[in-house]
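Next, two complexes with subunit A in common: one pairs it with subunit B, the other with subunit C.
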Partner chain A sequence: MSTTTPRRERANQRANTPGTPGAQPGHTASGRHSQRWLAWIFLAPTILGMGLFTLVPIVASVVLAFFRWDIISAPTFVGFDNFAEVVQDPTVRVSFLNTIVFVIVAVSLQLGLALALAVMVQEKMPAWLRAFFRSAFFFPLILSAASVSIFMRYLFNEQFGVVNWFLSLAGIPAVPWLTTPGGSAAVVILVYVWQNFGFSFLLFIGGLASIPAETYEAASLDGATGWRKHVYVTLPLLSPTTLLASVMAIISALQVFDQPYVLTRGGPGDSTRTAVMVIFESAFQRLEFGQASAIGVILTLIIMAITAAQFRLSKRFVFYQ
Partner chain B sequence: MSITTERVSTGTAPAVPARPRRKLNWNLVLRIVLLMIAAVLTLGPVMWTLSTSLRSPSESFMLPPSFFPWNPDFTSYAQVFQQLDIVLLVLNSALVTGLIAVGQMITAAMAGYAFANLKFRGRGALFSIVLATMMVPVQVTIVPVFMLIRGMGLSDTLLALILPAIPTAFGTFLMRQYFLGLPADLAEAASIDGATPWRTFRSVYAPLAVPGMAIVGILAFNFHWNEFFRPLIMTISEQNFTLPLGLVSLQGNLGTGSISVVLAGVVLSMIPALVVFIFGQRALQDGLTAGSGK
Partner chain C sequence: MTGATNGRLREISRRTALGALGAGILGATVASWPRLSGSDIPGRGDNSLSIAIMGTAADAAARQRAIDAFTRLHPDIRVKVQAIQAVDWKDFFTKILTMVAAGTPPDVVYVATEGAQLFADKLAHPLDEYLRRDAADMAEFFDDVHPSLVEAFMYKGSLFQLPMDWNAANMYYNTTAFSQAGLERPADDWTHLDFRSNLAAMRKARPSDFTPYYWTNRLFGGVVPWLYANDTSFLKETRSTGGDWLWDSFYAKDPSRSLRSGGYQWLEPNADDPRVFETFDYLRGLVKDGLGVRPEEGGGSSLVGLFASNRIGTTPAGGYWVQGLHEAGMKENDYDVAFFPKWRSQRHQFGTAGYAIMKTAKDKDAAWEWIKFSASREAMELIFPNPITTPARRSMVNEALYAGKGPAHWKVFYDTLDKYPTTGPIPAPPQQAAVETALMKNVSLAVSGDERQLKQALESMQRDLELALRRQS
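This part shows the complex of A and B:
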């Protein structure tokens, strides 16, 4: 990559300069004409693919939510029945509640941990050590959630798991991690945060690097030290990054599936069943495609509402330089 | 953008590791200790996985756990090959991931170039639509996509995994940013020389776009190599399974007796991800955080 960095650096500077127009080849009339043709040819695969595999399915999903259909017999229109059934279904309600609790706990842990570690790594750290920590925290992101959940299941085993062995060293009796509702929920959260905090960490590192050093100098001239410096300088200046990191973390946590599916299959009981798991089960195990679509539509509406609310709130709390 | 800011901060780095002459900086020591604990907790489970996979199946439960494989025993690896058609799984995963990555690199470069460098009506609106599709969760579209795939007669084939994954909003966005960053003079020079827009793309811009396309490819590889949800739904017969599915089935079919075999499979599945990590770490980090800059 080293040979390409100067070009890419220039590229990024250009991209960041407002008002720099993109290259616009072809000033002649015929050039403009062939440009338009080339544009549509170049866009065709992406636009057709997205239309076919994203836009049409969105519309189809909404329409399907008003039908009862098991693929085998013809679909019948049932109005809002699917929504009514879904809202009254205790399993669906529990799974949505689980998802909300999961999002709140996992995202706060993930962001808190990432922010604390990013601040610690950023201050007066030898460059090689910083590079080491960056790689270490980034590492879990490259693994598949399925493999991670497989080995974490062994680590959290009640009898021979390493986690309980370490706890026993501290005199703590064996915790039934995967066989109790609370324990499984805790494991799903821990495993998810373990794998994903590195992403928020990277975003915070980028955000911290963009805070000019002079701001801190000015603050320390005004007598701000240590903790106060972070509360009054770092946090406000970091708020755009925090907004972005929280939006992305919440959207991805709302869609959690792999970890609870492999770790617990949603159990014990319904204790780790998530919204996406219920979509999967009702569509591909019970063949209730209409109900699955209804759950999907509700989940999408929740995601959209939360995202909109975050951006609205951010107008009051996010401080832009 | 993260690349530039990072470079600025490392540019001032020589001033940073000022050796403490007067007294030890306890604050720094405490921070490094805390960060080290976090790093051990992050890498520890992976180390344990590796070391346990290198123990004989009968020793795999042993406590205290060992984190260093002093006497590696490769029988578990041999058993993975006996109990699981791992060659087929790797081939399936490689085929699916490779074709998605190449497909994304080509289509994203084309679309990104169109959005950045070519003028046509509706460019802004179309780009907004492309960006908006990034917000749609896979789970919401999965039922209609599954039916569409069935309707196309592709259910339970690898194409069912490949085709829907090729159009990429994020890749298109990345490539557009990349092309916007290339100097505009290049296009002017080419058009003065009488090059057609196609010629300008093929001879001038496409060769310059290779590093950007590499980021798109590496991101696609990492994501789809690890993908579990779509393969779980789209494939039924074991001959079409990808690695993550195969591993989960290996864990399910066997008792708790052969942890080391399951973990050997997990380690084998991590090797390609590890190679990408070693060679493409920078590109991956830049790609993931692209667009987060102000």
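This part shows the complex of A and C:
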């Protein structure tokens, strides 16, 4: 049982003791007023930054979705034309479909791999080895996605890549990784998962550490062994972490750009073109900023809908201790 | 000791620490204000002539000798070169357009064929009045430059740029790979069938860890030279009227005078042309039989190392490859260059680049003086001391430029224009970015599967091109 005084109580004691260095003048009206000003001053940079660099672009983007604008000429109001055009555009439709498929496959792999490795690392492993794996699995995340993808392009080159060289040692013929629809999609997913699973892994490590040992002991007393312990103890108690990890992984995967752009430029055909790639191409290659904004608005709404659905469903599947 | 330190630390309240942090942030913001506001961009805020080129800071520095020479001639005009790093020309144009949108456009931009019509259509100021005024000074330049390069910068009868450097899609071949396969230098008029049989011979001689034909999926040097050789293209090529003022002034006696126009136009897609199908089918055959790779996205620079290590037999590239191969260790006889193989025609593909004056330029007269100077022999020798490209001036493509570096048949570079005056530019309408995306996205599919997949890819390309050309038109 803790013998320390709760923080609020200590603060009150200081505030009510005249002459105490920590005493706060916050109990007078003028003191409250000055504290409020101080709070606003400290909050101002964040509010300003958020407003300027987040809120304004979001509003501008929504407004721009109703205009035709090529940077050079003056914008023209076109109502819902941009939305109608992008909905009819087969490339946009395919890119959204690709993105959804990508999210399902990549997020499943990412979370599955992260969870499996987190459980493995957390169990029966010396502390130094655990620390090593934590760093090693997190390391890809701090690398630039573009440079990783350039490197991977060489690795997966059909003629001269190391991957095919290793396969050739086993007598397997060269695989056209980046020049066939299936191969390029597989490589994009593989590279993305390799680079991003470290974040989910760390979340799961944190989640696993917060599960009380007594719960496992109680489960053991009830006769639960290794696999059953994970199914009936670890997974349910890890569900808040799983929710957080899945929400973040899905949002991130819906915005995938770097890996497919650098590895395949969306090809061959449209096989690896994603929603954000289409936004980029519309805006910065075709100078159709209105259409790009319209696609952006649609993608934002999809992300919001999926996230809301996740939180709604979480009431059924997430268990808190 | 520890106690004393702790005592001092305790004297710093949280509020003081936060205040210090705030002051620090404020100080850093003030110190970096020139960067944040972009006022440290060369030429910004003063009357300098701001020139944007695609490249690194080292590329900008390499132009310093030319700038110094220009300043000696025009001490009243201050010049600042701004190097903009970009993956490719498309990326570079995007960055320029972003500068335009931000209200900070450069005065002069180095633009390649890929963006020539985009700039001419929306951003650039025509050079016509200056050329008419300084016709006497400019005659020597046009005498030394092939009219095809000039025509590539004509748009609806006006000239928007002077070509500084250019490159044709020629065929580089590895002489070691050729000799291992018992092959000799190809004839100048070799055909696509000769080419294929050469690839087959190389494949037979080196069945593994070797690619007889490596090509990339892009607008220059990808499928387009094959389409041109087969007397077709993926866009219908027409010419606009006008431009006589230039041709009659500077190229009146040129044998190809009658071929010249007010500029190229690409107004309709042509991917449903049977010859386009035939060309793609030929390339599909090369891929299917292991003679050529499925083309990947990206430029050719990464290929230099592979070519230099004798793992590639042939690849299309321009004169810009010479310095790179030399630096990669290739001797002048280790490789050579030939004309692109003939099919129904022997029309080649080229791309060129030169300076364009922006409509928004503060001092257009000063900008013209820079362009005029850059077109002089003196300036071009300062800017192109090495074979990093093919200079637009015929007289500069000489023995001295290629001495000790090769290739043996360097004359092929300029002969591509001199011997084949119908050689055409990269098809790049103002909607070039959308057109290029439409081309690239369908090429891989077209040459990687069966005949049915090829037909589907070309149908898809036709649809994509229709959409691309309709947009922004």
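We adopt the following convention: the second predicted complex is superposed on the first by the 296 of 321 C-alpha atoms of A that agree within 3 Å, B and C clash if a C-alpha of one lies under 4 Å from a C-alpha of the other, contacts with A are read in each partner's own complex, and residues count from 1 in each chain.
Convention: contacts are C-beta pairs under 8 Å (C-beta built on N, C-alpha and C of every residue); 3 or more make two chains touch, one makes a residue touch a chain.
Small disclaimer: the values here were computed from a predicted structure and weren't measured.
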Three-chain arrangement built on subunit A, subunit B and subunit C clash or fit: clash
First, second, both or neither for A:Thr180, with subunit B first and subunit C second: second
Touching partner for A:Leu115 - first (subunit B), second (subunit C), both, neither: neither
Touched partner set for A:Phe151, first subunit B, second subunit C, both or neither: first
Comparing the two partners subunit B and subunit C, which touches a greater set of residues in subunit A: B
Partner chain in contact with A:Ala106 - subunit B first, subunit C second, else both or neither: neither
First, second, both or neither for A:Thr54, with subunit B first and subunit C second: first
First (subunit B), second (subunit C), both or neither touched by A:Leu287: second
Which of subunit B and subunit C A:Gly266 touches, first, second, both or neither: second
Subunit B versus subunit C as contact partner of A:Phe42, first or second or both or neither: both
Partner chain in contact with A:Val233 - subunit B first, subunit C second, else both or neither: neither
Superposition clash, subunit B against subunit C - the stretch among 202-210, 220-228 or 274-282 that is involved: 202-210
Interface residues of subunit A shared between complexes with subunit B and subunit C: 42, 45, 71, 153-154, 157, 160, 284
Complex contacts: residues of subunit A adjacent to subunit B: 1, 4, 7-16, 20-27, 31-32, 34-36, 38-43, 45-50, 52-58, 60-61, 64, 71, 113, 117, 120-121, 123-127, 129, 132-148, 150-155, 157, 160, 162, 165, 194, 198-199, 202-203, 205-207, 209-210, 213, 240-241, 244, 251, 254-255, 257-258, 261-262, 276, 279-280, 283-284, 289, 292-293, 296-297, 299-300, 303-304, 307
Sites on subunit A touched by subunit C in the complex: 42, 45, 70-73, 89-91, 153-154, 157-160, 176, 178-181, 264-270, 273, 281, 284-288
Subunit C residues within the subunit A interface of the complex: 18, 22, 25, 90, 94, 97-98, 100-101, 122-123, 209, 211, 214, 217, 293-298, 302, 306, 311, 431, 433-434, 437, 440-442, 444-445, 448, 457, 460, 463-464, 467-468, 471-472
